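Structures follow.
Below, chain A partners chain B and then partners chain C, in two separate complexes.
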Partner chain A sequence: MPDSDLSFKAAFRRHDVQIASIVVIMVVLFSAISPGFLSASNVVSLLENYSVMAIMASGLLVVLISGGIDISFAAIAAVSQYLVATLLVHYGGNWLVAFGLAALFGALLGVVNALLIYYLKALSVIVTISTMTFYFAVLMFVTDGKSIYDLPDWFTADLSLFGIPFPVVVAAVVLFVTVFFLSRLSIGRQIYGLGGNPEAAKRVGCNLLGLQCFVYGYSGFTAGIAGLVQAHRVEEVVPNALIGRELDVLAAVVLGGASLLGGIGTVSGTILGILLLAIVLNGLTLLGVSSYSFGFVTGLIILLSVSATAYAAKRQQKRNVRHAH
Partner chain B sequence: MTQVPNNRESAAEQTAPHFIEMRGISKRFGGVRALSDVSFSIHAAEIHCLAGENGCGKSTLIKILSGVYAPDEGQIVLEGKAHSHLSPAASQRFGVQIIYQDLSLFPNLSVAENITFGHQVETPVRLADRQAMRKRAQAVMQRLNVSLPLDALVGTLPIATRQLVAICRALAGEQARLVVMDEPTASLTHQEVDALLATIHELKRQGIATVFVSHRLDEVMTIAERVTVLRDGRNLGTYWVRDIDRRRLGELITGHVFENVLKPPFPGKEDPVLEVRGLSCAGQYANVNLELRPGEILGLIGRLGAGRTELALTLFGMNPPDQGEIRVNGKPVQLRSNREAIRQKIAYVSEDRLSLGLVMPQTIADNTVITVLDQLTGSMGLIDGRRRAQTIDRWIFQELRVKTNTADRPVQQLSGGNQQRVVLAKWLATDPRVLILDSPTVGVDIGAKAGIFQVVDTLAARGLAILLISDEVEEVLYQSHRILVMSSGQIVGTYDPQRVSEQELREIIYA
Partner chain C sequence: MPTEAATSTSSTPSSRPSFIDWFGRDPTVTMLGVLIVLAVIFFGAMAPSRFFSGETLRAMGFQMPELGILALAMMIPLMSGGLNLAIIATANLSALVMAAIITKMIGPASPPQDVAGVIALALAAGFVASLVVGLITGMIVAFLGVHPILVTLGTMTAVKGIAVYATNGGVIGGFPPAILFLGNGILLGVPVPMVLFVLCAIVVAVIMSHAPFGVAVRLIGSNEKATRYSGVATDWMLVGVYVASSLLCWVAAVVMMARFNSARAGYAESYLLITILAAVLGGIDPNGGFGKVLGLFLSLILLQIISTGFNLLGFSPHVTEAIWGVTMILAIAIALMRDRLMARLWLGKTSK
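And then the complex of A and B:
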């Protein structure tokens, strides 16, 4: 089998390998310069800091693969976080109830996105920008922007499993579930198919409404969980704490090789994308670089990554043309 | 225009048992009658072509068969059982599989995943077992006697291979008994068409019928056993292909009698407007010599990959040669960009009108003047509205007679034939001396083809020198004064259409 037949797939793997090698280089670099970098405490706090992002990224990745985009997940996370916290404060509960409610509220708000997109035949970016604005505005209006500080003790108490902080465990579970259904269940193949060629998916008999409800519902579901974990971490619920995180998460997922055009993306790539951002920013912090440079560095990394991908695609196209002649 | 008599309803009807029969089908969309009283039958394991011009009702008929549309009148009889309409599920259960023109594959999934996709759809929560998936795909490939790279992503494969993937997928689901292919050959080369033909015969051997929709007469004649011709929503009859010839089929499809008349020998004695001496470009073509006189139509024919298009691009300044000389009106010129070629009054109508020739969402008017904007700008650098309107009126309405009531419609609303006229108008507005036409009739149906060549003849008669590039033998034979055959980057012969037959020419090209 000629090499070029596999070059698309190889290109994905190459992307993963590229990001992974950059991650390794960064790790080596930072640990050489700053001995504290590879210390257990720094690694654990690094993972914990980015666990909320990883949970949200899982949902967004699935939406991107299906050929859509979700801008509203941070607003969904904020709304469901506030709802769950209010209920827990008033009626009490336990972790099971908390997770159940967060997942339910998140998924419901996500399904609203799906229904709007499906029935209005509107662009997902427009719909989710609208719902983001709407959800968040309603939240601020109803709550007057008041934060909730009197969370139950069991909720804010530190938890860990074999020394691994609770948020990291939740993130790992969510990532695992995402990998599982994306690559091992037939619905995963259908989501990739939908993103690759929606018309074809319709013709083969995919249930498009069902798939979209699943995809956006899952994005809302992960947002709900992320909101809950974030409230646990910071021990308070501030209505606008999560707003503005959308683009960071989107950047990490795209950095991990997911295509905004749909059909392409992996969980492993997403993890690497988050790791890369996390390590660079953490390393810079340890080196004492001003935090004002972070945006600049993040932007630069993403620009470089996008350029590299575009360049590879262009070369691939050239090769295909030559192949055809 | 002569109406074609419609009396040869063939004896083909009675010989084999009816497998699928559509009786008296009518379908209206709003006020438009798409099908009127069409009866159409398919025998088990036959190869049947559905021919007709764009808009004749082919796709509607197919969609009624696949259950997408319900007919207003008529019945669909499946092995003796009558149905007033089919659902998509019922159609598939009976074994009808449709392969659409765009193939409907998933470019981002592997060959194996594409072939077995239907299996994934049956239930959303099933373990997608890669091993089982590959085995399933492998089994289908073996049945069809084809070999495809199972792990390659479909987006990386050439069109011909994708076609095979689509056929495999059609066979992978429930027991397929009829495969319908919509324009399966539209983008295939001749060798690839041969491979497709072999696959269709393999289907036949396994008792699977094939209906294919096409307006390329050559293929209908080589592939099909029977052909049904639709025109304006009516069935003009079903014929055994062995009982009918190509010309008659063309007449049936269009309702016009086409007389293929060879052009008289070219009388022009004027000096060549374009001369090419020893032109070479590494890896593409070598030592090409040609000359083209005003008013002459020079045919250039060769297989895909013979270097035709590369040569054309060089003459249009977009593919600089390594060696050799190009003279325009006797003066050597260096064509380093298409701007220089346009300045030398050379125009090029590309093969791929859809992606390169036109800005589809823009209006006919804007597409027409895009090549001459600098000539239309007045002293202030503003576009002179009156001259713009004159240019559009002259070329779109008077010369090329594009069928539209206004030049302000987006080009994408026009038919293929009319789009091609807009491309021609755009280039003619530059007032060229040399016009290079690269496969001008790809995707244009036979009636519209005749119209385009009428325009070409008129232009030549007015002294425009035309280089006509094509891989359709008939087109080049009857439209050119002189024919050059190109093979593997070399001009291998010059032929006089008066002295070479279609068959001989075909043998020279495909030898």
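And then the complex of A and C:
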């Protein structure tokens, strides 16, 4: 952090602290108004509803930190979900096989993004829009838009660990893995370096091609797993079910403080971003507000959050200038 | 435009234009021209009788304008170094406002002068709706300095949210013939939407290349700070960028609601990312600063030929989309190879 004084005021200038306080206020508010809000069943269903988003968000977060963007992950999730489901229906299998295949397909499609971005020296947003269009169009063409309903019983059966639903467990593991390599492994620090200043990262000796393959591969990997978990939750595979999620997930990650310019972003922030959206929408549901208003509320939260962040940054800049004089 | 360029260079005294000069002048236009010719030859060979028919041409003339006008709305922010993800949402909201006024205030027994008045009122209301969205977006981008992707992600969600909330996701439809004419009529043998699109394209082209606003937008796209320090009111120019983009969405809204004879919060959402594809394929630099309406126009023609051609050959629309994605990647690859080749050729030329 730029400020060295550890006062309360300084701490409050941190984005994650602000979001966390808003989340806490929301929780207090909603639990005061609606007693059902903090009930175990509501909390569990809330976490379960947003587990798929959290899994995708961890992959997108890593890409954003590296200074890129991935628009294709929802399409990748849809493709690998369909491929895995088809294989499972035809040849049978178990959870290990399912996860292995989903992760493999997802990572492969993600690495294709990385190779195109690296070798064509193209903007990641343009490349991933193109591959998103391509992956999804091919999926719709090959499958003719047909859904898969006859998933194996073991696949759709409810699972839980110590009472925690399976999707939440998977999301927790993915988030933990992301935290681990971002903050504890050399490759994580290299990803922050790449996002902060690509030229500097190159001169320090980072393998840019390798890093990009890892970053986009990881985004594809999480997308594959998210697709699998989503199929398990809804007990069917609909080819176009996940399409259109990419901008929702991007909104959540950005709410969590990740910068589109790269080099900035944390898993804890991302979790808070998702929680904020989840809690507000869940609270409104409990208050009996029509779900048709959710889009407007979500948009307003995004606008307020990004505006407040930018305003704070401007003031901080002015403050720094004043200190310098 | 290409003829102008050709005459101006042939009159320069320095040297006769060589092949390299010609190829290097507007590489995007050249590349798109070649790709269009190839596409026409391919589809012409596969289905000559149906591809070269007036009917096919007319169908293309009806389909292209929607995407075309929206792509223009995407182009202006792209050239300023930004992006407007809210174009589809803005167009749908504007269309819903107009549709609500028209369907509420015009009955089957309304006299013609009332109908004309209501239509004018509806068009004005749609215009104002688009204007307000553009102003809000532009002001947040310009005065708070928030990244346009984030702002327009927010406005997209909020604007679509308003439209969904107001209509409960439903459809508003059933318009008088005067409105339907704007989407389905034919003027001197040309589809009316095409006329509207070409008009918009000409206006945007003239503004972007000749008006002070257009020059300022391109400068901002190249280097915002330098533009501001050279005395351009960059913040108000940026507001103008998003207002102009939103107003083009209003035109798109008129064409869309007239063609579908209805309006809904979720129409045409798949176009959003395709407009970026079309613009970048047309040589608009996604980093800002460079691009021509002519390039965008050619890229739209190419995409439309691919779409219509595969449709005639009996393929599903998804094949078209897949080919569009590949075309984009291919165009990036061709541009990269061309730049390398050009660099080598120029090096060879200067070392002599």
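Everything that follows uses one rule, which is that the second predicted complex is superposed on the first by the 310 of 325 C-alpha atoms of A that agree within 3 Å, B and C clash if a C-alpha of one lies under 4 Å from a C-alpha of the other, contacts with A are read in each partner's own complex, and residues count from 1 in each chain.
Everything below uses one rule, namely that a residue touches a chain if its C-beta (ideal position, glycine included) is under 8 Å from a C-beta of that chain, and two chains touch if they have at least 3 such contacts.
Note that this is a predicted model, so its numbers are computed, not measured.
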Query: Which of the two partners, first being chain B and second being chain C, lies in contact with A:126: first, second, both, or neither?
result: second
- prompt: Now for A:205: first (chain B), second (chain C), both, or neither, which partner does it touch?
  reply: first
Task: Considering only the touch criterion stated at the top, classify A:311 as touching first (chain B), second (chain C), both, or neither.
output: second
Task: Mind working out whether A:101 is in touch with chain B, chain C, both or neither, as first, second, both or neither?
output: neither
Message: Quick one: is A:53 in contact with chain B, with chain C, with both, or with neither? Answer first, second, both or neither.
response: neither
Query: Can A:276 be said to touch chain B (first), chain C (second), both, or neither?
result: neither
Message: Of the two partners chain B and chain C, which one touches more residues belonging to chain A?
response: C
- prompt: For chain B, which residues are in contact with chain A within the complex?
  reply: 88, 100, 102-110, 113, 117-128, 149, 151-153, 155-158, 305, 310
Query: Where on chain A does chain B make contact in their complex?
result: 1, 4-9, 183-190, 192-193, 195-197, 199-201, 203-207, 210, 214, 263-264, 320, 323-325
- request: Show which residues of chain C lie in contact with chain A when the two form their complex.
  value: 85, 140, 144-147, 149-151, 153-162, 164-165, 168-169, 269, 273-274, 276-277, 280, 286-287, 316, 318-322, 324-326, 328-329, 332-333, 336
Field: Partner chain C, residues of chain A touching it in the complex
entry: 71, 116, 120-123, 125-127, 129-134, 136-138, 140-141, 144, 244, 247, 250-251, 254, 260-261, 290, 292-300, 302-303, 306-307, 309-311, 313-314
